[in-house]
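Worksheet for the structure shown next.
Order as written gives the chain letters A, B, C and D; numbering starts at 1 within each chain.
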């Protein structure tokens, strides 16, 4: 167990250092901003001030609307978290079966159109895909799945939550990457001896090949997709009026509201690094040789 | 002793997309395995002995795979009914699917294959055949026949500890047992394969096992489901000499203790000579000679088939080394298995195929002829 | 005789209808929630700082002012009960109501009392030089304010002003929350930024973050009688197209400004009512006369001739608006009807440009010596006014046909206001002016209004116009002022400091269940007290 | 589904036959074919839009002919200002073509440099380099670009420079893993034994022979990402602005008319974006499985 703890400690330190690096980069960019505003100071002192504010999680005031950033960013962070995790789940839910199916079926009859479909769907530009889904759903179900409609207006609550997650999960070319990775990895593992051996013992191919063939590539890719999904979220939130960090980032870019953007970048980095920690720990757990 | 399995006329082809030609892995292999015996299957590498073993286990996936032959096998009591049910699925009339207690696992193969000649074409629905065959073999693999592969380290799942793999296999076959009973059985198995500290081995990952230990674990796992027939494909070739003999002794004790039937596949005739009761010699996809060890390798009147004779003489025994005899090498190479052989495959390298006999050898491959008590030879010398 | 009978008959019928409709009219029910959609989010809910229309509408609900114009244009008292204007028209005293209380702070049941200090404190902060506001120019006619007693306040004016009362419609802030604050820049850490407190008909309840909805509740102790609608919710949208769809699907009950292309769809739907309200504003292309080429009158006239405004109005705004020939709202007393809008004729534009000497053309752009007809147009980025983009691109194309190249530069709202009003780094802009109640255009064209932060961004200087404007501002005779404005209209039409385009009739759309809706052109919610929601939905 | 096998007459198989590329399966042929088709039409569009010979002027407005259906005169119909959509799509390639190449050059060259340095001198140097790369890698790319936009109000070229910078870590990881594998391969040691200078070893053997395939694959995938970034930014209103055409802002403009049923205005550019991204992705994918490189993610 001690090796396990060692890994966790190493990861946390690494993340801590990285987060400081990111805040330094953001601070540099922050100071390059033309014009004069509150958080801008000279030299290390104000950098420490920024660090203190970031690490103690109360981020001061946005220069445009004067509202305390905490009250804006945290609900947005929660919403984006829901969206990101949901999208990851949807991508996996679809990509893994297709990947397994095309790995087993190879390039024959109906495995080819399925993986091609996954390529097409995941290459649809997210901004168009969102609107298309919105238009079709509102035309044929009579509900307009906009985040707000459900909170106090007509329209089904589930649909309003589901659609942005579905769109971000399907689009944003995450599915085709996962499908391709699983197909290649699974092919490689199926042809190894130990799978043949376990088949000889009567185990199903999938059970024996799942460990190295699916789980490990999945863990390594899923968490490295977090930054892309947050990026995609910016656009999906814009389309579905989903009050998440992405839309806040877009709005503050329009208003040139740097402090809010810096905080959003900081929280996104936190999300990415937490994902990385989880990834490394899981990988270590699954793959002893990676000690 | 009663037969436990008998392979008749096995024909396994693979297909090379680029050259549009068939790779004739196994041309015509027939074996009969008595219960409790040790059958040694010997032949140079590339003669199809591994493919024969794999087709017995039903693990030949590539196309077209098994295209001919029948494999009669006697499943254990409790699996008999489900195996028969699986075999007869989809067939209204059931002709000779059974011979005594043995059941033909390749039953109905011909319905999936259509042959045409000039040019030689074949249509096989391999997907349907595999789906059907896997359903049949589901009751056979592990339960009745289990198999050991060549390189022990690569046959163990590197991501799960050894113990877990062993217990999982045990658990699969005796559902009713609970956790520590299975643990006990696993320990017992590990001790039975002469591993001295089973507790620590249970927790280790395959990566940190030595070759010898790994092979023993593989054997333990294979026996976990107490099969009736064990196929060992080159179990000793990956090991150094001391381990090699130790594994042979281990196999010998296991067979006696668990009245197991063993099919030992090896290219080393001496290893086979040590423990085999019957021997079958394979060359270029054909079983050229099969019979009791004494008849085939026997000192009294020496090996019969030219290839067997050449094979035996080319392997130096300890006494040869002592006497410093010159090694005798078989000229020529194994014929390319892409080209259909009309005559006897050994014709180019056989020193007896001279004069009149050569003509017969070239036209047609000799059918097996009974020379002694169930001692068959495919050579015109003995017609 | 027949004629007489028919009129009698009609009048009788009419009275009957009125009688039986009366109960319907006056049975206003209390309760219900009004949810209206806005594009974008409000910047600040503090009257002095806010200048975007979204915040202005919310401020109208939350804060009260001394006086206000009612629906048929008369002055009504709000926080002020009585007032009298001294004979020399230079001092105005307001006698305030004593029964007004500020909205309660969150958690308390009752707010502070409203006194004269609040008025004085608000005015002082508003006129403080460091305060970042655009309102100072409108109230610099007031010299000073002093508190007579708790409920009377007196304003000293610099010069007598015609119908001065209309000028006292600025909103009042709670002094007791602004102790120690002498000016407002917007980035202080004040409680009123997070939780605004006012005396208006609706109290601020909650806003869960910048881009989430704002909830307002009716203020029970409102001195002019509690409004009928219980709660009003402002819901910000990130995308203009979604708002109309959300209205159609019942997500919101009212949309402030329906984009022209959606009007047909809403008209066809019986559940909704389209309520046109003219916004007392006009759109124009403004020129920076500091640019020597644009200083030439013929060039500006040529530009006005080169663009086909009627075609743009019809195809981009579905004809929902009216072309204008001068900087006044048509139909108002100041509008000179016999000055016709410039009609579209390309060859007139070309001949004007030739007469101005720009005859040679290189790569399709007219030149005269070193001067080239190439201008930079500065436009605020915002996806919402998709019609703005169509107008600008059409404008660029029309001018390209007559050999004038226009390069478009897109800026955010803040950067755009700086570039236009402070740094004057632009050649042409497309914008619109909103009139306050007194149609005072001196701040647009008077030469003293030139300079950073002032509204005469184009640096238009015309002594005759200056004289006329000063005279108009000082006369107390309404008739004289009208003739001066009509004369100004003729000059400004001919001098073309702006190319006047059109005034748009905006359409508000709301669910039929919302009744007796009266809309104020700019502040929208001024008459919200009359609105009510018919039980039983649409 | 029955499989059909058929054998020609006796054919003597030529002796020496080592397949350099693993024989491409049907899947690879399809994806590379489609990818090359996409690359072809990109070049054609770019060439046409530079010399603007074939297409009408994408900027001129005919208010009379708004929202026209695709006809012979306007291949894809006209948009909300009567401008010809086909010529705007052709001109749209100009928006991301050169910036895309710029981003690829940056990410590939720096990626190669860092990859080799970290591959050969593992200890402290690579740890530092990887630290900085991780810093860049952990900020989501679109948010970093939004920050850049707030700061410098950049043109599409500067945005693509940053897009290139953010994909340096990916290339570095590829190259480093390649170098790790090859470093102690026989033929590298043989080269050292022969006294070849380390520079030539690196350049000739590692870079040219084996890293070439990884770089080509990254170039195609990188171009796909460049298209995605440029169109997303133009959609949000930050990238290429009206009146210059870009697929992103054409979709954005079409969106406003979506709910009136005029779908095709934004569908056409969206479909073009889709085929381009998919084509480039499949090309990279096909090449990858042909060279059989293990592109570790």
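Convention: a residue touches a chain if its C-beta (ideal position, glycine included) is under 8 Å from a C-beta of that chain, and two chains touch if they have at least 3 such contacts.
These numbers come from a predicted model, not from an experiment.
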{"item": "Chain whose mean Cα position lies farthest from chain B", "value": "C"}
{"item": "Of C-D and A-B, whichever chain pair has more C-beta contact pairs", "value": "A-B"}
{"item": "Centre-most chain, if every chain is reduced to its averaged C-alpha atoms", "value": "A"}
{"item": "Approximate Å spacing (C-alpha centroids) for the pair chain C, chain D", "value": "49"}
{"item": "Whole-Å gap between the CA centroids of chain A and chain B", "value": "51"}
{"item": "Intercentroid distance (Cα basis), chain D paired with chain A, Å", "value": "22"}
{"item": "Approximate Å spacing (C-alpha centroids) for the pair chain B, chain C", "value": "93"}
{"item": "Set of chain B residues in contact with two or more other chains", "value": "127"}
{"item": "Per-residue multi-chain contacts in chain A, two or more chains", "value": "108, 238, 250, 254, 256"}
{"item": "Chain C, residues touching no fewer than two other chains", "value": "239, 245, 381"}
{"item": "Touching chain combinations (by label order)", "value": "A-B, A-C, A-D, B-D, C-D"}
{"item": "Residue ranges of chain B in contact with chain D within the complex", "value": "15, 17-22, 63-64, 119-127, 336, 338-340"}
{"item": "Chain D - residues contacting chain A, complex", "value": "1, 25-27, 131-132, 134-144, 146-152, 228, 231-232, 235-238, 248, 251-252, 255, 258-259, 263, 266-267, 270, 273-274, 277-278, 281-282, 285, 289, 297"}
{"item": "Sites on chain A touched by chain C in the complex", "value": "37-38, 61-68, 71-73, 75-76, 138, 142-144, 146, 148-149, 151-155, 237-239, 241, 243, 247-248, 250-251, 254-256"}
{"item": "In the complex, chain A residues that touch chain D", "value": "17-18, 21-22, 25-26, 29, 32-34, 107-109, 112, 119-120, 123-128, 131-132, 135, 173, 176-177, 180-181, 184, 217, 220-221, 224, 227-228, 230-232, 234-235, 238, 249-250, 252-254, 256, 258, 261-262, 264-265, 268-269, 272-273, 276"}
{"item": "Residues of chain D that touch chain B when the two form their complex", "value": "1-11, 13, 23"}
